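Following this line, the structures themselves.
Heads up, the next two complexes both have chain A, just with different partners, chain B and then chain C.
Then we have the complex of A and B:
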């Protein structure tokens, strides 16, 4: 009986790829944590732990800010267009296009430079505030994706009788947009986008932190930025750990040492790659399970 | 198989979930079976299962206790497919977009039928195919023949197969012709041409036919012009009872009697009286609105050159008459303020509305002074909402309570309104159930003017009767109703419905 239940559970999990990859990701992170807890020295272990938590926390904050900015921009544009305020609609649309035209990584990099400068001038004191600012900077260059999705969903329902039929019954436009279109018909699309944004946020953060930590200019120092996976990866000992992989390719007998002596760099790299891969599969599985691609 | 009927027992499921189950689905041999029933309850899928058109890899189908892969190999199915024909509800799905229509009309065994010009002239009401020669040379895409033209091409293919059946020395006993909503895109004149041609062919040599339709007015056509065939025609109705389909006999007399008794209703007297009082005018729309490069002209008589405004009074039902594609729905949307047209001039009671009236002003009228039911329930309803959510957010005045709405639901969904029904997502309802909800959402409001676009779409006879009763109640209450419908016979029978004719100029 129990075997059958387990078989059913596994079969269902295998069909629902998002849940499968969420389980794989969680199991992988827990296994990595236990391994490092046993074999990695304590100061390095705590730094990796902090870096991972900081990275995830910033990515979650990016999701929150993207929701606010994306919703605000999409609804703002919709309201301005509907109320015939063409000048304001054009200005908002132009602003969004300007943001879209800036490569995300460049935009975030410039934002981080400002944060670092503020840190040097001791304007920013709290680590949490710094992380919030880092999240705001990232979301500034990511939110147009969510705004576009919200607009697409609203526009799609406007092409059907859906909106007109409800308007003619006296249902308020606010309810039609927020409850009938966004909540009841677009929630899975939005969640799917937010999962992707979580991945984008981690990728951007790691890339920018790495670039800054390697050294952008003599005036910009990452010293006071909260530690993240990107900055961990940029450390000299992490880089040496990564180089050890190359060494192993020509000296196979060195392989076991990777799992005990080069844990800091390998764990950091693995956390980044494994997390991004898992998020990719979670987003795809979620989209497939809820038929997001079918509309 | 019995000598007199094709008896079927059908079970269709997908991934363990039951989709359709019919314990007894009999099709009489060498007779024409009219199959009525609410839209979306499974008429098409049952007929496709019988005809061997479902994919055994996708669905778990069992017919007469035989798994589908085995059923597909039976002589019954092989012969039925070889000598019969299945006219699909959606003609676009049948036609090959990359093949000229004339080539498709002569594909395979269809080439053996030598009566093509006659068949085309019957369906197009032309002399020996003139006027459709151009159409024969086009590809379904990108030339895009109209829905009605595509439907007639499919019917022409079916008639070619019927011709082959008739002239065959000893045709297969298994042959069956299935017409799934064959007149959905045709106007009533073409529909009658099709019926007359079908019956004429049947008179030459009877063949087994299953004709699926929602159009109950075909019954009148049979009883008016084809009485000699009444004994060869069977009327059946498919109903859904606790997830099981039941095939019942449908009494054509019940429909004919109902049409007859509709003629004189108490509301008709009130309607006539109200015409004397000018203050009872709810809506006055001037003719000559320009939209999409055309002028929409209104008149009180067919083919009349005299222009007259559209006037709807209290207690009045006005039936908007126009051929397909002229702009009936466009006019309804103009009246509702959903579209803008030049020279638009309308009075809604005391309120004067023009093409310059801001949208915000119209918004205050929607659901309070005027309401509209859209023709496609699938688009008009939120399919991801639950049944109970359909009535949320409506601007009900104080006297319309949730009890009143609940009673309305119980009236139109007898024995169905319970916790599970109210919480069921709309997408899992049948097409007919969706249409009833679509209508009830607007009819539960207290608006003075109601515009109904194809309100009887997809409804079964019981639901049609109830909906007509509800419309008559609304009329009795003093509401003005503008109707757009192809169910001319039903609305003509009401007696109280006044006609307004619409035509477009300057195309």
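Then we have the complex of A and C:
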């Protein structure tokens, strides 16, 4: 009986790929945590732990700010177009296009340089405030994707009869957009996009932190910025650990040492890559389960 | 004399009016999106020029001020800032005198170290750099820009091919209802008969092992495709020369999740198209829709054609819709290339130069490089729009 229940559970989990990959990700992180708890030295273990938490926290904050900015831009554009304020609508759309044309990494890097300037002038004191600012900077260059999606959904539903029918029934436009279109008919699409944004945020943040720690470290002390997976990977001992993978390719007998002697760098790299891979699969599984691909 | 000047002025005015009329006519004939692109280039261009002139006027004084602040600590005979102990001592001393300005103290020590470690020529260059970008810098950066474009173009072409190939391969596999290798392993174990004869067992073990090996290889491939460029490059640095042009292209194509992310987008278009009514109509009208005998080599061809198969139409429509996504792909690709050049500290490359100038606070050069990068994105966007229009016209005429 119990075996059959387990089989049914596993079969259902296998069909729902988003839940399957969420379980794989969680299990992977827990296994890594236990392994490091046993074999990695305590200071490095604690640093990796806080780097992972900071990275995830910033990515979650990016999602929150993207929601605000994306919703604001999409609804703002819609309202301006409807109220015949062509000049303002054109200006907002122009601004969004300019943001899209700036490579994200450049935008985020320039933003981080401003944050470090503020740190140098001791304007920023709290670590949480720095993380919030880092999230705002990242979301500034990621939110147009969400704004586009919201606009696309609103435009799509406006071509259907039910919007006009509801307007005739006296239902307010605000309710039609927010409740009928966005909440009831687009929530799955928005969540799917937010999962993807979580992945992009982690990738951008790790890359910028790595670049800053490697390239700008003499000017901006990395100690000032909260520790993240990117800055953790940029440390010389982490880089040595990663170099050991190349050595192992030609000296296979060295392989067991990777799991005990090079844990700091390998764990950090694995956390980044494994998280990106899992998020990709979670987003795809979610899209498939709720039929987002079919439109 | 006055009459001559007056007639010349009116001649110039007439030319200007004619030019303005022609320009207005030209802009009037251009589609709105191209006008928007040109306006955005013009707007950002003006913005960059204003900032450029502004930072150039202030940079020399700032550099001089910076040097004056650091100079008392640069030439002390008892202090060698190359030694960590001396550096820490200076930091501690500054902290005693200025306890509330720890970050400024750190910056001062860093600057003093930079000036102290620079030799005479470097020092002169550092101080001279306050005057801003020289012609030699300009041509150097232009060379790097050309090299950046020469890397960008092949990576763009290769990823465009890779994205389509991967997406079609996945689509066909899904249609053939092939499960993942791990699922096949599970199925294999479940179907394995209870052998007792060792010789009969061996082929089964070999087949199962092969499946496991394939699953492991796929896992490693996925990890590689999702690895940020710096992880991948540092993993291979001790074995290969990772600073070569070809390695840059390879890294640009396979790393940062670019290929897999955009293959997923193309796959989404394929799936959405395959659910449309015309596909069902074609199937009802007996067009070949079987994926069991699908020509797999055709997936890997550069010019993809699937004659007499319904997939040909699905592919063409998906490809048409994907064209606009190329803008997004180009922007992400440039992000990836910048990450590669910056994170790997590849000397003599555009993004590395940008990072170095951020370090030395050479804002005019930074602005110039940023403008160059913005122009690549913009020209890609214009080309993509033109391509989309061309394809639209082609289908409309057909």
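Criterion: the second predicted complex is superposed on the first by the 289 of 295 C-alpha atoms of A that agree within 3 Å, B and C clash if a C-alpha of one lies under 4 Å from a C-alpha of the other, contacts with A are read in each partner's own complex, and residues count from 1 in each chain.
Rule of thumb we're sticking to: a contact is a pair of C-beta atoms (placed from the backbone, for glycine too) under 8 Å apart; a residue touches a chain by one contact, two chains touch by 3 or more.
Note that the coordinates shown come from a computational prediction; the quantities given were computed from them, not determined experimentally.
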In this superposition, which partner touches a larger number of chain A residues, chain B or chain C?
C
Which partner chains sit in contact with A:105 here, chain B, chain C, both or neither? Use first/second/both/neither.
second
Between chain B (first) and chain C (second), which, if any, makes contact with A:242: first, second, both or neither?
second
Which partner does A:185 reach: the first (chain B), the second (chain C), both, or neither?
first
For A:160, decide between first (touching chain B), second (touching chain C), both and neither.
first
Which holds for A:68: it touches chain B only (first), chain C only (second), both, or neither?
neither
Check whether A:280 is in contact with chain B, with chain C, with both or with neither, and answer first, second, both or neither.
second
Could you tell me if A:11 is touching chain B, chain C, both of them or neither one (first, second, both, neither)?
neither
In the superposed arrangement, does A:170 touch chain B (first), chain C (second), both or neither?
first
Interface residues of chain A shared between complexes with chain B and chain C:
none
Enumerate the contact residues on chain A facing chain C in the complex.
14, 94, 97-98, 100-106, 109-110, 113, 119-122, 199, 203-204, 206-207, 210-211, 214-216, 218-219, 221, 224, 233, 239, 242-243, 245-247, 249-250, 269, 272-274, 276-277, 280, 284, 287, 293-295
Chain B residues within the chain A interface of the complex:
333, 336, 338, 359, 363, 366-368, 370-376, 379-382, 384-385, 389, 393-395, 438, 441-442, 445
Contact set on chain A toward chain B in their complex:
82, 160-162, 164-173, 175, 179-180, 184-185
Contact residues on chain C for chain A in the complex?
36, 39-40, 43-44, 100-104, 106-107, 110, 113-114, 183, 222-223, 226-228, 230-231, 234-240, 256-257, 260-261, 264, 268, 271-272, 275, 327, 331-332, 334-335, 338-339, 342-343, 345, 355-356, 358-359, 361, 370, 373-374, 377-378, 381
